[in-house]
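Per-chain numbering from 1; labels A, B and C assigned in written order.
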Amino acid sequence: MNIFVYALIFWIISWALNEWLVRLNIRLKYFQQLRDILVPILFGAALLGLWEGTTRGFGISEILLPPPSMIWERIIESKQILWVDFQQTFMKAALIGFVLGCGSGFLVAIAIDRSPFLQKGLLPIGNFVSALPIIGVAPIMVMWFGFDWPSKAAVVIIMTFFPMLVNTVSGLAASGSMERDLMQTYASSYWQTLFKLRLPMAAPFIFNALKINSTLAMIGAIVAEFFGTPTVGMGFRISTGFGRMNVDLVWAEIAVAALAGSVFYGVIVLIERAVTFWHPSVRNRATV
Amino acid sequence: MNGSTTTVVSAEKLSLTFETNDGPVHALSEVDLDVKKGEFVSFIGPSGCGKTTFLRVIADLEQPTSGDIMVNDMTPEEARKKRAYGYVFQAAGLYPWRTIESNIGLPLEIMGYDKAEQNKRITQTLELVNLTGFEKKFPWQLSGGMQQRASIARALAFDADLLLMDEPFGALDEIVRDHLNEQLLQLWDRTNKTICFVTHSIPEAVYLSTKIVVMSPRPGRIHEVIESNLPRERPLNIRESRVFLDIAHQVRDGLKAGHSYDE
Amino acid sequence: MNKNFLARSKSIPLLTVIAAIIAIWYVGAVWMNSPWQLDRYEKAGVDWKFSQLVEDTLSQKRPVLPAAHQVIEEIWKTTVLKKITSKRSLVYHTWITFSATMLGFIFGTLLGIFLAVLIVHNRAVDKSMMPWVIASQTIPILAIAPMIIVVLNAVGISGLLPKAFISTYLSFFPVVVGMVKGLRSPEISQLDLMRTYNANNQQLFWKLRWPSSMPYLFTSLKVAVAISLVGAIVGELPTGAVAGLGARLLAGSYYGQTIQIWSALFAAAALAAALVMLVGAVDRIVMKRMGFDTGKAGG
């Protein structure tokens, strides 16, 4: 019971601290950024503390919900297994699927750029397919490509293709008529106009799709493994972990997956900030 | 009054009709006009009189439905492909992902100038518009007037003897506008380009031009062409002189007669 | 004139592409099913003609790629021709998935709106919670769906609720993000105007922020309902695959019943499309009543 009380106190103190921090009038941009990182970290730490305090303090069964400290122990212990699973699910299925899916979506968007006919035909279908539960094709992919990671990558490819296609086409249409007229006065060729005007202008849209797709890729790869996989992979470990009472391993896998997903997303955001530095949303970064 | 009599733009019975959902719109109707080398010609009139449309036809951004037009003794399309003119829009239209010098270099890149030549021209034109020192800045770091100057520099960077300007100073405040008017005249003097300038400000038209084309709407047509006898050297205070006011009066009369002031 | 009509028509390109897709599908079906078929011919020592091959590949019991008409036939058999109460009826399974989806969607929407209002009105919540709301989506909830189901089952909560929980978790995020953007969308000049009327926070919310956020809300709702459906389907996988479209998918894959898989997939797709269109319809009605431009007027 004691530890729960400590956790509660920690929570209350952190909350009060946060309320004070957000109201501080900070001049220097550097300290502002520092504050913006500190506040969520404090919140997260307090949350972890509460979790630890509640599970240990109330003696909640480890099978149901293990305390964070136990999960951490397990992560250190099972480094090897986690690494192998990570390679199988993230590096092979998710990453390769992501690259191929986004790449083909981009190329198809450029291929149909010159044909309004094809655009009007394909875009409604693209929007339609984006709303469908694509994860459902996982068993079909297993049938076609076997149990191993290629079938999972295939699911990721399908999942990431359409958001990329739709967003790239929108982005390519974003250039204003005045800018395009200017290019005409320079007698600029189609490819020159594409590379110098329309693609830079499409960048914000393309990165939007990349960010969405990074999450889709991770989830798609893991869930696709629920439908059948060799005895390796994060999805495999998660779906079988329960039967073997390996709950803390399951949580360890989840922690790794969450970390990998965040880093993946974060890398894309960093690249986005570098490439689209000129866009108002990046220039005027206030709150999230 | 250069003494040169080469005709840069020659329009004969030029007409352009748009088909819209509300019926045909006669944007241009039987326009006859000659622009000679070295002239500064202003086009003035209310919206719908066809002044922007005429500029766009010269630039091959619109195609006429009937009549003839020659630019440098070629069709507008050929002239465009030969990069015979520079176009300045009402908004600066600079690319926000490029620095100022990179923006000015945009047409040069497209037209295939080599790196050394590009740098030379960029430095020259930036000096012409008084923006030296701002090469590495981004457009959103500059004021509206400076952005428009950069846009003009971009139009001057390559060897086009004809400059087409569509209400370039319309979005700027009056003080900046006066300043830029002065600078534009100095530029015209130094470079000897032929300039076609669209505006809806009477003082601006009279101050800048050697020739003022008064247009009227519905259908878009030329009502009157007024030759200006103002001296070539024009300080800003010439706008209070008798001669200036007479010409302005003439322009205003022309606009009224062309039903520009009717509802 | 002909060219203009073709260029302006909206449905002709779509119909052409759909026709092309169906054609490619059939060709693909013949192509992908032929290895097995040719194998059968060889084993039976039968001579075959091309037209015979086409006919046979399009009517296999367990094809690699079922033909469109096979799937439609299966759907017909399991919906119209089966009693709704039967455990084999596609309607029954669709209903199971639909109820979990809707429950999760409604909870997710309410939670999302609540959080958004909180975030917009309290800076501490904004700065501390928003990053975590985003981080919450990096925890692959779909991935831990099996665990959640098992955990909740162990505590005695089973059936509809665990699936609805997953759907809620998935759908609240787009609603939060969309609503925060929407509630913050009024321009500074509009906020200032309210200030000059000495409006209090509540009035500001109901008269300005809430109406301005409607377009954003509906865009998010379309995303939320679609992802709710995915959540419900994945939630059906762990419990030994008994009921629901996810269960049908899994069962089909275990027993190699390709056509069953495809029919379940089609049903899921149809459900998704119907839900998104429903949200879209409500969107248009609300927008029209509020006087927003639905884009259907002329010009």
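Here is the rule we go by: a residue touches a chain if its C-beta (ideal position, glycine included) is under 8 Å from a C-beta of that chain, and two chains touch if they have at least 3 such contacts.
None of these values were measured; they are calculated from a predicted model.
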Problem - Interchain contact steps from subunit B to subunit C (minimum; 1 if touching) - result: 2
Fill in the blank from the handout: Ranking chains by how close their C-alpha centroid sits to the total C-alpha centroid puts first chain A
Exercise for the section: Select, from A-C and A-B, the pair of chains that is joined by more C-beta pairs in contact. Expected result: A-C
Completion exercise
So, in whole Å, the Cα centroid of subunit B is separated from that of subunit C by 54
Practice task
Express in whole angstrom the distance between the two chain centres, defined as the mean CA positions of subunit A and subunit C.
Solution key: 19
Handout entry: Rounded Å distance between subunit A and subunit B, as computed from the means of their C-alpha atoms
Key = 50
Practice task
Identify all positions of subunit B at which a residue touches two or more other chains, and write them in rising order.
Solution key: none
Problem - Contacting residues of subunit B [partner subunit A, same complex] - result: 59-61, 80-83, 85-87, 89, 91, 93, 95-97, 106-107, 109-111, 138, 140
Problem - Footprint of subunit A on subunit C - complex, ascending - result: 6-7, 10, 13-18, 21, 64, 123-124, 126-132, 134-135, 137-140, 142-147, 150-151, 154-155, 222, 226, 229-230, 233-234, 237-238, 245-246, 249-250, 252-253, 256, 258, 261-262, 264-265, 268-269, 272-273, 276
Handout entry: Residues of subunit A that touch subunit B when the two form their complex
Key = 176, 178-179, 181-188, 192, 196-197, 200, 276-279, 283
Problem - subunit A to subunit C touching residues, read off their complex - result: 15, 18-19, 21-23, 36, 39-40, 42-44, 47, 63-65, 116-122, 124-125, 128, 130-133, 135-137, 139-140, 142-144, 215, 218-219, 222-223, 226-228, 234-235, 238-239, 241-242, 247, 250, 254, 257-258, 261-262, 265, 287-288
